[in-house]
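Same chain, two partners: chain A is paired with chain B first, then with chain C.
For the complex of A and B:
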């Protein structure tokens, strides 16, 4: 290759291939996604964020929170719970199948234990089994008249840490402009932080001084989002209730600025609370007490 | 290879070098200034990683702002400007041609730096875009493009006016880099910052395409052009095989724009697969380049400048290791482990600072005295040996602790029985050690800056003296 024009046209051809592959094709494939009706929540998902949330998102973007926090939940696979919902008209045959199903899953079940399972419905017959076992057990019940279902349980360290009930998928980011998925986890994942941590005051204190609520946290304090002001007569109703070690001093109070409130509104709007076609799971209403986030519990 | 075998009289070489003198001096002075700013921001960010109270009351210097500010100052301020200077040097020397339109280059350089100042200030003042490598506000990119059109346009014009028509492998890499950058910048900035930007997850793919193209092709090719220029020049031997270079060039060009898309479950499955396959091809191309360089060096002895040759070899090794680790990290099992950890910044340090940055500093060390006809002031702590030892040991330390720390952090993150506090603790020791490396790199950048400023002042003084003596001769 000794001629300039050969070089030019060769490079141009490769550029076009690269552009078609990684700009045009993804834009065509993914750029026209739209919201989708999700039957479990009875509405379209995702919802368009309101102006307050968008303001908070801007604060998140400007402060560079994306440098330390991802908004991506990973999943390594699935397990299944097999649940008996209804016994039907042939209880004796169902009882026998229960004993056989337990054998299939490598467990021993007596007739009495099977009866007690049938008495308390819905009853979980098998927990955390793989797909083949779950399908095999459900097949056993096929002609018995009983109603048996397999509940889908996503697996993986992110899920076990309580960072989300399922993996995130492209649809979750439909209204993210710009996209703030993040690539670093110097802090925990925030994809579902609004559902995990529901206490607004906790978020405000955490932003003002992270170590006031999380021992040993290495998150910087965002004190510029707060006004430290003298108490003029009555304390401001909006002032943070801080412990002595983190208070602003005698006669002073810490009041969140509108940016701090907007940021907390944004954080509390980050939720993954419904299954989607690409990432199904057994949908139940979230129970904040079940959250496994010991590292974010208030300091003692 | 090039000018060494030429019968060109020495006066012609002087003409060529003189045509390049002031544009290159200013380009290099600006580049080293940005390197200093970048390493300062990076040092502050590193301290903030383990001392969160440090500078915590200012929205301009949060960790999340300092990291992109440092990254952009390095890429657009140092690497691209020093890269322009090095590429112009090689274009002129290899083509045996005088620089065309130095005035346009000068204007382009001023506009480029103005855009960059506005961009970095805008980024720090609340205009952070959120897109990696395109972190500055959207209004900066048309300015950068215009500035580039002036600089790159003149470089391409100089290339087409070359007297030596035969192309040396370094020239392929230079021109691929020159063509790729404006194309990529235009497409990515339009797709992400226009009034109708790409939506949802498509933004991640376009952004990663830009990051990958910038690392592997635009800046990676500057490094590869330099390494294939310096090794024969410093060792006094010809490049072993231009056919191997040819093969590696097209392989890297074809696959380099599609690498680095680490497995992410929110992205379509094909993205991870393509990135993994392409990263492997790029690493294979790197092995070919390394073999070619190794064969070129065989039996060469210590060469004309053993220290510079050692640095070039070390930089090439950084590039090779970086490419191999990128390929390893793109495999699904490894990606699951190193994704979201410090491993990725470790790779960036290895490839951008270790490979490209080292070669650019060697190029400044090598060609600036030739262009200005002024020797470097030697001795003491400001010797190039001291500067480059400081720089390379700092970069090696940071890369190593981030790569090892990232791997450990990723392993802890993958173990659900470990709390997130334990994940943070796993990385903290490595983060603390990295601050030492950041300090070394900052000190090296400071010394380079002082040396280049000294050279600039000496050149201006010589120029003024020359003007004065010419004037007095004319009056007599």
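For the complex of A and C:
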């Protein structure tokens, strides 16, 4: 073979460059992170998973959930809500600025509308404006004595679907070993499922028979995580309360095995509801009734 | 592009019998130009979209400065900012009401350690902690408070939480400025042990 060394070094160079780009640089850039104190929740994030959650994680891997579910929320943009929190000592000038600010955002605002905005605080002045506009509007209020804040609002299809309040970042996967990020979405994203779907019984019923709680779901039933047994005297306190169409039959009950409980524990531990530096959003302690339960429509 | 056979050993042989070899074939200058343009374009993309390769920058944010500027805060109001910090760090012991717990944690609301001219002593307690007996509103308490100097790392945050305590519930005292917090931190931040009330009472009320 002629000039074999050229061939050898050529191939070596290709391998080394790929290794640098795919392994070394990402490690330098994203590796060696540690948990971080998050002010909004008053504790370190992420927290190390306990043994029950780790068992559930094993069930998640064995059942192949990762084949159809991702755990990554993407974000394609961001916008701002401009909120007036306090009017301050000069309401007349604030009123004039409100009219000017609306003009800056390309809207018309009459004096009465401005007064009504100032009457109910905090009031949202502008919704979903870009950074330049938000900064410009806040600058208008600078010397007026009014307190105005721009609340960041992550945007994107995943966030619109209610799959998470923000995008996932490297820090979220700190204890995810091996990484269960997933590649295809035959089902919804699970990055924030613990915060989205908070009903334990719902999860158990959904695993036993997805169609019993979500009409037209394409998820297979994981019946092997449950034991169907005859009722021996008193019904088991753990038994699922299934509707007529999905019940196991007269005198039978469906009881979750420990694996089912562990899997639900794992699912309920998946949360990205707190902001982190890399993925900021305006965090408010959510009212449980506000949590997105769009997947929880009961079957007819 | 043209390439002529350059393998001298393969003379006489044709087609598949010839051993493949590496040689110097002329390459069109266009290939070089396109390669350089591609490399240039790639560099420009990295320059504008890679966020300086920072681990804290994910799309759609363009750079670290942008991520930093869009952080939701409690605004410029130190008292609101302090309320967040108080809720997370101070309220487990001193309670959200500032009343403390009888026999365990002294009250901050209406305390004669809080409603004084300057925040000098308060700053030191928060930074390094407090040990031993302390008299608050005529009652003697004997409890240990750890220092939070390495928890509240920013001087703005430290000043904000002090300002919040000094202006909440029934308290009415001056706002603590970040400069005051920085001055006290520079003086006693690395003290390494808790203050006692006797030591604190010997200090002036206002930050020097």
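Throughout what follows, the second predicted complex is superposed on the first by the 279 of 300 C-alpha atoms of A that agree within 3 Å, B and C clash if a C-alpha of one lies under 4 Å from a C-alpha of the other, contacts with A are read in each partner's own complex, and residues count from 1 in each chain.
One rule holds in what follows: contacts are C-beta pairs under 8 Å (C-beta built on N, C-alpha and C of every residue); 3 or more make two chains touch, one makes a residue touch a chain.
Fair warning: this is a prediction, and the values are worked out from it, not measured in the lab.
Novice: After the superposition on A, what does A:229 contact: first (chain B), second (chain C), both or neither?
Specialist: Neither chain B nor chain C is touched by A:229.
Novice: Check whether A:151 is in contact with chain B, with chain C, with both or with neither, and answer first, second, both or neither.
Specialist: After superposing on A, A:151 lies in contact with chain C but is clear of chain B.
Novice: By the touch definition at the top of the document, which applies to A:75: first (chain B), second (chain C), both, or neither?
Specialist: both
Novice: With the two complexes superposed on chain A, say which partner A:8 touches: chain B (first), chain C (second), both, or neither.
Specialist: first
Novice: Going by the contact rule set out at the top, does A:281 touch chain B (first), chain C (second), both, or neither?
Specialist: So A:281 only meets chain C here.
Novice: So which one touches more of the residues on chain A, chain B or chain C?
Specialist: B
Novice: Figure out whether A:167 sits in contact with chain B (first) or chain C (second), or with both, or with neither.
Specialist: After superposing on A, A:167 lies in contact with both chain B and chain C.
Novice: After the superposition on A, what does A:29 contact: first (chain B), second (chain C), both or neither?
Specialist: both
Novice: From the superposed pair, tell me which chain A residues show up as contacts to chain B and also as contacts to chain C.
Specialist: Of chain A, residues 1-3, 7, 29-30, 33, 75-76, 167, 169-170 contact chain B in one complex and chain C in the other.
Novice: Taking the complex as given, what residues does chain C use to touch chain A?
Specialist: 7, 19, 21-22, 53-61, 66-67, 70-72, 75-77, 84-85, 87-89, 151
Novice: Hey, which residues of chain B end up touching chain A in the complex?
Specialist: 48-50, 52-53, 56-59, 62-68, 126-132, 159-160, 165-167, 172, 175-176, 179-180, 183, 187-188, 191-192, 197-209, 213, 246, 250, 253-254, 257-258, 264-268, 271, 274, 336, 339-342, 344-345, 409, 413-416, 419-421, 423-424, 427-428
Novice: Which positions of chain A touch chain B when the two form their complex?
Specialist: Within the complex, chain A touches chain B at residues 1-4, 7-8, 10-12, 14-15, 17-19, 21-23, 26-27, 29-31, 33, 61-68, 70, 72, 74-76, 156-157, 160-161, 167-186, 188, 210, 216-224, 293-296.
Novice: Report the residues of chain A in contact with chain C in the complex, numbered from low to high.
Specialist: 1-3, 6-7, 25, 29-30, 33, 37, 39-40, 42, 75-78, 80, 85, 131, 147, 149, 151-152, 167, 169-170, 275, 277-283
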